[in-house]
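There are two complexes below, and they share chain A, which is joined by chain B in the first and by chain C in the second.
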Partner chain A sequence: MASPVEQFKLKSLVPLEVGGIDLSYTTSALWMTITVIGVAAFLTLSMRGGRLVPGRWQSMAEMSYEFIANMVRENVGSEGRQYFPFVLTLFLFILFGNLMGMIPYAYTFTSQIIVTFAMAFTIFLAVTVIGLYRHGLHFFTLFFPSGTPIALAPVLIPIEVISYFVRPVSLSVRLFANMMAGHTMMKVFGGFAVLMGILGVAPVLLLVALTGFEILVAVLQAYVFAMLTCMYLNDAIHLH
Partner chain B sequence: MELESAKMIGAGLAVIALAGVGVGIGNIFSSLVSSIARNPAARGEVFGIGILGFALTEAIALFALLVSFLILFT
Partner chain C sequence: MAKDDRNGPPSLEDLDARLRSTRAEAERRSDRREPDSAAPPALVGMAMRAGVELVAGVAVGTAVGYGLDKWLGTSPWLLIVCFLLGAAAGMLNAYRAVSGLGMALGYRRGTDENASARGRGDE
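Now for the complex of A and B:
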């Protein structure tokens, strides 16, 4: 039987190589394209009527908008409004990517560490630049909150600096590991169902419950990613 | 000891961390239940924070799992 991690293997659909760099259009890229088209279609088609009393689709689009708008307002405050489009895009991209990955035989692009790391590192860079731009050198008080006894500095500053620079890693690994572990687990239970013959009904029943749990995790991780982005933005805008 | 068996043992040892995560998740939900029991009106607000804490703690479990995968498959 195939190894449970084989599902994450990239297949290149359109081989392309520019100057020794492999730029092939892979299954991961295909699903990212589908996700972008899906999100765009979801938002534009459901809002096409623009009725005062929303229908089912329109209220779904409005709810996701309101959800993120509230999140940004509560966590970042009114200065965060200009970053709202970014957070909404990020949230919907990850949410649709995670949920589409739950379709059998679909490819979950968030289970690739490079995809999540690219997003997390972009956020990290952007937050640092925003903080430096808004506060100048004052930004570095983020590592040493005011009012702390000076004797604590040698302990506190290294801890704060490390926890700041670990952010892109923890943010990306959290999403990636959740997706990878979930899909691996489902594959392992699927393998049990095949191996156990008639008794395989039990793992299949468990698999149904696991699928529900994975859908919950898919939504939750998109939420957590957007939420942490808001918190990082809040740190950069308001310092401590 | 052969490398292959050492890897297997190492991967097993790496997921001992799950014990701590189990304690953590249990802790989160026990406090969630008791806070909702004390003040049912706060349910909506507290539930969101609880779920956030659950997701952050669960991620630690997956870091351990990731280490064990790294040992097994590389």
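Now for the complex of A and C:
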């Protein structure tokens, strides 16, 4: 029987090596491509009719649009409007990636730390650049809020700096760990079902509940990722 | 003729002014929006966040300390100091995650009226 973590193994579909760097087109890349096409198809096809009274698909597209639009407006304010396309893209990419990973035999690319870290680090860099661009050196007051006793500076500044650099790590680890743990757990219970013969009904029932839970986690993690992106943007823009 | 004037295309300046005022009005209204009462789904997210925050703080602190030690050759002092600072940062972030301050650095709540009206959705 396959080990529970074998599902995360990358298979290279189109081997490609450029200058000693392995750039193969892998299963992970394939599912990212499928996700991008899926999101694009979802948004364009469902809005094709563009009716005043939306149908089912149009409703879903409009709801996801409005959900993120409200999230950006409430967490970043009206200045955040220009970053809305970025947050919506990010949210739909992660959401579709997570949900497509729930299809049997599909590959969950969000269960790869490098994928989530690349996204989190891009956000981290972008937020830092936006903050520096908008506030110049004043941006660094983020690390030492006014009204703090100066004696605390040697302790507080390192803590704040570290807690700033923790952001990309916690953002990426949260998504990756949730997806990987969930999929491993499902595989383990699937293994139990095979091993236990007739008694395997119990793990199968649990698996049904777990599948529902996993879909919840898939949606929730996409939400949390988008939400935190908004909060970071808010920090950079308003410096509170 | 006068009727024609009224129905003719309005001047661009006129349109511009109207557009600006409508936009400003819409912005003012959207900024004052009450925080969404549907915040509770965030609670589950908050709970999940706190744990990751703690671990990530310690991990990053240790990594920074180890890196600095390697670079400056002060092993093991910076590792110890940065481990403690990282643990403190992790706790601080976990506290912020659950107290609804979000990932905000610093302790200042928004002072301007705009920031307080914006609401963080979970305050």
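We take it that the second predicted complex is superposed on the first by the 240 of 240 C-alpha atoms of A that agree within 3 Å, B and C clash if a C-alpha of one lies under 4 Å from a C-alpha of the other, contacts with A are read in each partner's own complex, and residues count from 1 in each chain.
Here, a contact is a pair of C-beta atoms (placed from the backbone, for glycine too) under 8 Å apart; a residue touches a chain by one contact, two chains touch by 3 or more.
Note that this is a predicted model, so its numbers are computed, not measured.
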Chain B versus chain C as contact partner of A:Gln82, first or second or both or neither: neither
First (chain B), second (chain C), both or neither touched by A:Pro145: second
First, second, both or neither for A:Val5, with chain B first and chain C second: first
First (chain B), second (chain C), both or neither touched by A:Val173: both
Contacts of A:Arg73 with chain B and chain C, given as first, second, both or neither: second
Partner chain in contact with A:Met227 - chain B first, chain C second, else both or neither: both
Touching partner for A:Ala181 - first (chain B), second (chain C), both, neither: first
Most chain A residues touched (candidates chain B, chain C): C
On chain A, positions contacted by chain B and by chain C: 170, 173-174, 177-178, 220, 223-224, 227
In the complex with chain C, residue positions of chain A that touch it: 70, 73-75, 77-78, 142-148, 155, 158-160, 162-167, 169-170, 173-174, 177-178, 220, 223-224, 227-228, 231-232, 234-235, 238, 240
In the complex with chain B, residue positions of chain A that touch it: 5, 170, 173-174, 177-178, 180-181, 184, 220-221, 223-224, 227
Of chain B, residues touching chain A in the complex: 51-52, 55-56, 58-59, 62-63, 65-66, 69, 73
Residues of chain C that touch chain A when the two form their complex: 27, 30-31, 33, 35-36, 41-42, 44-45, 48-49, 52-53, 55-57, 59-61, 64, 82, 85-86, 88-90, 92-93, 102-111, 114-115, 118-121
